[in-house]
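Got a structure for you, written out below as structure tokens; questions coming shortly.
By written order: A, B, C and D. Residues from 1 in each chain.
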């Protein structure tokens, strides 16, 4: 296990400490255990709060999207495991500005049950919540069971849009509706080339032969649709893009946002190869890319691989993506 | 059984239960993300620590409440949240009772399983912990003789684990494996079975005296 | 060789194509071979132009720092090899706004000789140039031979400061003096945990045992000071930071900027562990971190490892770092 | 030797020279970044292609100029830039001459080495290509008999390569290795030796006729 770490059990607390030391003007920690981070000016009075959360090991997800025009708070779990309902409640109370709180996070059982427990407790505190789940990974379930899909990098679009809506003063129901609208029109699929090693167990998250890739992999190394021989960048882009286009039902005349996301170890150069082919394919179909993002947005520690996300755009959705935002990891000006 | 006796019995059980952590972790590695072993060992330790803090006059409901809270926060995960919710739901049927009898245990078991079913939107046959829990609760209800009750529950849970092996996972991480989940044994159901077996092994007369 | 690529020989041209497709509003290509990129509004009349360049495989270095308040143009070589003097000249002509052009790039023989050839040719075209070399890697030469050190991630500080100076209208000599001042007060050192595989040769850039790290590694996998057993994050941060502090001769009362840079495959979480310890060490010495950067600023394809750079600050230097900048990979607002 | 004859001789030499690419790449891997093999093979091909485009009446200076340009751009690197600059400097001493003699070759060799020394801020003893080039230029100057001249240059270059092996690299990538460079053979100096040997092998009477 070749990692730049100290005691594996301290991994999460220490990197959270590092984030706090680096960005004191943008973030502050809530509670003794510092597993809850909120934007430095939280709570923003009269504004809908947005709380996200989930396991660690995915930076910049989730902690990276706390800031102006994005989420207000995050509850931080151990590597690949949920935060507790108590931590989620703490985040909820810290960001509530009186307009209610949206829970916006990925569809994973552990997270769902813990956020759900927090809903009841928040109600007792008089805080109204709504929940929207990221569930954009088309490889995890067929379209008929889209509600059961897991959430991966595409949740970024929902953070951006819902965060912008909350910032301009939309109500809780409106912000939730916008998040839901974005999620429904977002599809993601990824490929994995090499596994992640969990700091605590030292075990790889999966095994792959030297010439293999896992198509449709999840951001915890969950198996995808099938395991095949490693393909070229163009072939991978074609397979992923075609699948996303079909799933979203988009065609000539549509406009989209595209996110090419690195899973951790894959160089930015390779992400641009994927973007290039994706751009060419969509252009050939008459689908315009009105907004693009290329880089690491949701990782899986040092996993090699990448995912492509597509969001079907409307003028409203595009305006929300274009709205200003600022966090330690993301800026839109 | 009063609150103190219940607390001791749980502590005895949870001292043995983590011996199954590796097995459960491996099963979860095959079908999920492999963290169930950690959930079980950290959870058991957290519960024991919490129970040691309780005053001996605590009521059974208070004992279970302390367990639920400790288990929920030790290693938050699907199993931790579902089990914590199930313990809360089960203990609610006991109200303020100073002591519990077989009938109350039966009601607890059913309420616990139903809580998971409701929260998890899952039924028997979805290849989850419920495939072991519901049959065990049923077996308890049908067995009157004190000595045989636990054996009957264990046997029912074991049947549930084995039967569900050939099913396709319909809930949680394992469901993403779709038909590749068939033939693999559900870690959650297995955990429930191992818990009952640990209870039996640690609370037979010769060991129950340990405090 | 597990990479998301097409034909290895097309690697550079294709990812440059991807960058151009993704950022048409910010960058444009010059010349038939598209190995020269300049900011979309180049040349900026009356402004000093800044041209950088070097081998590929280091994204966001070098192409990533072309934009407002940064460099004006870049000449792009093959993976780990210099651009040609003809390409450098092309970049020079494309960014010259009449105020002369600063060549600001890393101290590598191939680059130096090609930039030097371009100087003569630019002179024939009537374009005045000045040269400042990034040479911040303290592991590459002892302090007495600091002029011969190689350039690594710390050049980022020089881009930022010289770019800001050029943007506000400083003369060529002033911009060059600022770049030189920054370089003289910047020190960097890195560790490597695993090698890079070159797309064309398929060979690893170096070999390391499972429990080894290379201390003082260069961004092409050049050997460092010594090879040792893999240390903890805290130990690595201590070794690097102490060395940098000594080299810069800083002490209590000084203010610095810190850059913790990932070499490619190392997760952001681990970079924050390094930042954390660096922050603690400097704080304990009474040295204040007035500005910090944590992320990937100069990589070596999929090499695992990280570097730490420290720049001694003055008010002037800090103001230049704080000035606005915008490129596809870096934004300061 | 007129321009056309020079061009043919260079092409002959460069057809053989890339056979040493792997050796040079390996030496550069040990002491630098391993790209010298690529520089040599891409460079040789680019020069041959460029010479094939030249009109047969081109002057020697024009032939060398074409070589310099092609070699500089084929795989830009330290060696490519230094050699291109050296060729330009060397050819400058020939001016407009239609044909070159031994004396002019001697001057070319010295001017070329001095160009690298100046551009590279390097001297004999720094463990670079100059450790082979200067001795070879010297040997040419000291050897009058036509047939022996190339042999004398080769012998001098070879001595330079061997002697410099025990030195510490003072220039370029290899210098970062500091004392770990001692004992390793300089790839640039070796390349120069191999170039001379290729010239000899490909331009002896029996092969020189190849066009």
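We adopt the following convention: a contact is a pair of C-beta atoms (placed from the backbone, for glycine too) under 8 Å apart; a residue touches a chain by one contact, two chains touch by 3 or more.
Worth saying up front: this structure is predicted, and the values here are computed from it rather than measured.
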{"item": "Distance from the mean Cα position of chain D to that of chain A, given in whole angstrom", "value": "57"}
{"item": "Distance between chain centroids, defined by C-alpha means - chain A, chain B (Å)", "value": "33"}
{"item": "Interchain centroid distance [CA atoms averaged], chain B/chain D, Å", "value": "80"}
{"item": "Contacts with two or more other chains, residues of chain D listed in rising order", "value": "none"}
{"item": "Contacts with 2+ other chains: residues of chain C", "value": "none"}
{"item": "Touch-based graph of the chains, sorted into line, ring, star, complete or other", "value": "line"}
{"item": "Pairs of chains satisfying the touch condition", "value": "A-B, A-C, C-D"}
{"item": "Chain B-touching residues of chain A, taken from the complex the two chains share", "value": "77-78, 80-86, 108-110, 113-114, 116-117, 140-141, 148, 150, 200-201, 203, 205, 218, 220-223"}
{"item": "In the complex with chain C, residue positions of chain D that touch it", "value": "33-35, 38, 72-73, 75-78, 80-82, 84-85, 119-120, 171-173, 175-178, 180"}
{"item": "Chain C to chain A touching residues, read off their complex", "value": "2-6, 11, 14-19, 21-22, 56-57, 59-60, 191, 193-194, 210, 230, 232-234, 236, 264-276, 279-280, 292, 294, 296, 299, 301-302, 304-306, 326, 331, 333"}
